[in-house]
Amino acid sequence: MSLILALIRRDLTLAFRQGGGVGTALGFFLTVVVLLPIGLGPDQALLQRLAPGALWIALLLAVLLSADRIFQQDYEDGSLDIMAMGPMPLELVALAKAIAHWLASSLPLAVAAPLLGFLINLDPAAILPLALAMGLGSVALSLLASIGAAVTVGLRRGGLLVSLLILPLYVPVLIFGVSASTAPGAGPDIATPSLLILSAMALASLVLSPLAAAAALRSYLK
Amino acid sequence: MQTLANPARFVGLANAVLPFVWVATIILFAIGLYGAIVTSPPDYQQGETVRIMFVHVPAAWLALMVYTVMALASAVAIVFRHPLADVAAKTAAPIGATFTFLALATGSLWGKPMWGAWWVWDARLTSMFVLFLLYIGYMAVWQAIDEPHRAALVARIVALVGFVNIPIVKFSVTWWNSLHQPASVFRIDGPTIAPSMLWPLLVMGLAYTLLFLALHLVSIRAEVTARKIRQMRLAEIGER
Amino acid sequence: MVAFYSPFAIRYSPMQIIGQDLVCERGGRTVFHDVSFMVNRHELLQLTGPNGSGKSSLLRMIAGLNDPAAGTLNLDGGHADLTIGQQAHLIAHQEAVKLALTVAENLAFWAGFLGGGDVGNALAALDLTRLAHYPAGLLSAGQKRRLSLARLVLVPRLLWLLDEPTVGLDTASQQRLAGMMTEHLAKGGMIIAATHVALGLEPARRLDLGPRA
């Protein structure tokens, strides 16, 4: 356990010290959200209807932007070799690095999303469900991203391939994330079951992603 | 299984079996198309356009079946470490992608008269579309990694992750669709189907399956040969 | 932090690493075949051979990073629950140094990750104490190399796998490395080193991977 924490702490230190990571992703997130009303027109009612979905799509794209770097540096500078030889199974290394990515990249975006929501007239009643859904959903996003990052780690131009491989995996998260982000109102409650399914997805990816990512990493270390 | 294990023997076997598979495929297509075009009646609601079904539905079946074959072959490759399993998975992908594309294209053609639009985000079409993306991603992995041995290791994982993803996508897209288009959605195949339509559909399904078998055998044979050529070239470079 | 395991606990028991008829394949090409070797405690095995003869591949194979296409690799008398890789250090061309971390932070991380070790001691052994609080990104190539080598002292391991360890080192550092290796062997360690140049100590065994067959 202390090994996992040591690795997470190192990755967080690196993420914040190297810059570029969190700041760039947040800037990208902001840009997408700003482009939206410019592209769709300033109709407040339309924007309010689209806001949760738009924020989710912007979140997916921003997470993807930083995804291919999860294992890249450690692979290139040989750290991954030493980690693979070490006492900790590579599955746990992959898990720790995905958690570090969540803390450093996805979670800050999820926290910022409700604030950016003001720019596109997000229904105030939807703020809490959105924050909750994004907090949970971003766990799944980071873990799934770690599969894509591992699968493309040895490739020079892995970025586009990561998007192609990961986006199909993001479809279910997007669907339930958006329905969990709706404001409570008239009609049947869809937010609660969606949130539960979203949690199930986060848990399932918590188990499956490290296995897949470690297997992919091993094939590149050979 | 032991006979199949040796790639050279497999090529021999494929050569022996292929003519029969091709003949059977052609016969089944002839029967199926006859049933689809001549004997089956036009639908009382959809008219003649219902005949697209005989091309569309089997293509959708095969799109899923081929991905299953791909995932199974990948699992076999992981468990038994057999190179032929990787070849089988790799060569199935373009064929599966083609069936998926065919299903999408015919679905779109069918959608025009039925829904009045070329593309509708119907649950089935949407999950087919995601399946198509999965095929493309899988093939892109083989393309992106230069060294075949390593590409095989990585592609296995991609195939299996995608396979786990398919039912989840199917489930979530159905949920999503029911949320946005309540009840009035037109269903492509009703729960009941007249026997005069059912038998050509099943024969077409069988014909598609045999067509896949034939194409798959041909591409495995080609891939085995391509690898042999690569091996010989590498050996030549090594000697100098 | 508790040491992950103590490689020298049973100081006088014999141990040996035996590789038999090893075959290495990369990308469908045979890099080497029928390579056999043996290393006992207190012994240095020097690997030689031209570029592309598979020296690095053999070291990575012993480390457990790639599997032999054929042949066997065993550590007799070692820690039964651990793989050879877990009882070894690999010093390769890539230095596993994080440029955004300081020298001391780099070592502190590996100490934590690999099972505990004395950072101050490791810094002193490679004359890096003075540089401890500078970011590793400011180091010269030779200094980075020394930081990488400091892992050897930081966490005790039975087997050292060294791939061209002297690259980029000045004379003083080369002598320091030779001293470290001598001490490691004296304590009962084993070293397998791939190198073209003299290491400053006489290898007990040699293995020439030779020109490609």
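Per-chain numbering from 1; labels A, B and C assigned in written order.
Following the convention adopted for this analysis, contacts are C-beta pairs under 8 Å (C-beta built on N, C-alpha and C of every residue); 3 or more make two chains touch, one makes a residue touch a chain.
The shown structure was predicted, so the numbers you read here are calculated from the model rather than taken from an experiment.
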By mean Cα position, the chain sitting nearest the middle: A
Comparing centres built from CA atoms, which chain ends up most distant from chain A? C
Express in whole angstrom the distance between the two chain centres, defined as the mean CA positions of chain B and chain C. 49
Suppose each chain is reduced to the average of its Cα coordinates; what separation in Å results between chain A and chain C? 37
Could you state the distance in Å from the CA-based centre of chain A to that of chain B? 31
Which parts of chain A, given as residue numbers and ranges, touch two or more other chains? 222
What positions in chain B touch 2 or more of the other chains? 150
Quick one: which bits of chain A touch chain B in the complex? Just the residue numbers, please. 147, 151-152, 154-155, 157-158, 161, 164-165, 167-169, 171-172, 175-176, 179, 190, 197, 201, 208, 212, 215-216, 218-220, 222
Show me the residue ranges of chain A that touch chain C in the complex, using the header's touch definition. 2-3, 6-7, 10, 13-14, 17-18, 73, 76-79, 81-88, 221-222
Please give the residue numbers of chain B that touch chain A in the complex, ascending. 130, 133-134, 136-137, 140-141, 144-145, 150, 153-154, 157-158, 160-162, 164-165, 168-169, 171-173, 175-176, 179
Residues of chain C touching chain B in the complex: 25-30, 212
So, in the complex, the side of chain B touching chain C is made of residues 147-150, 227, 230-231, 234, 238
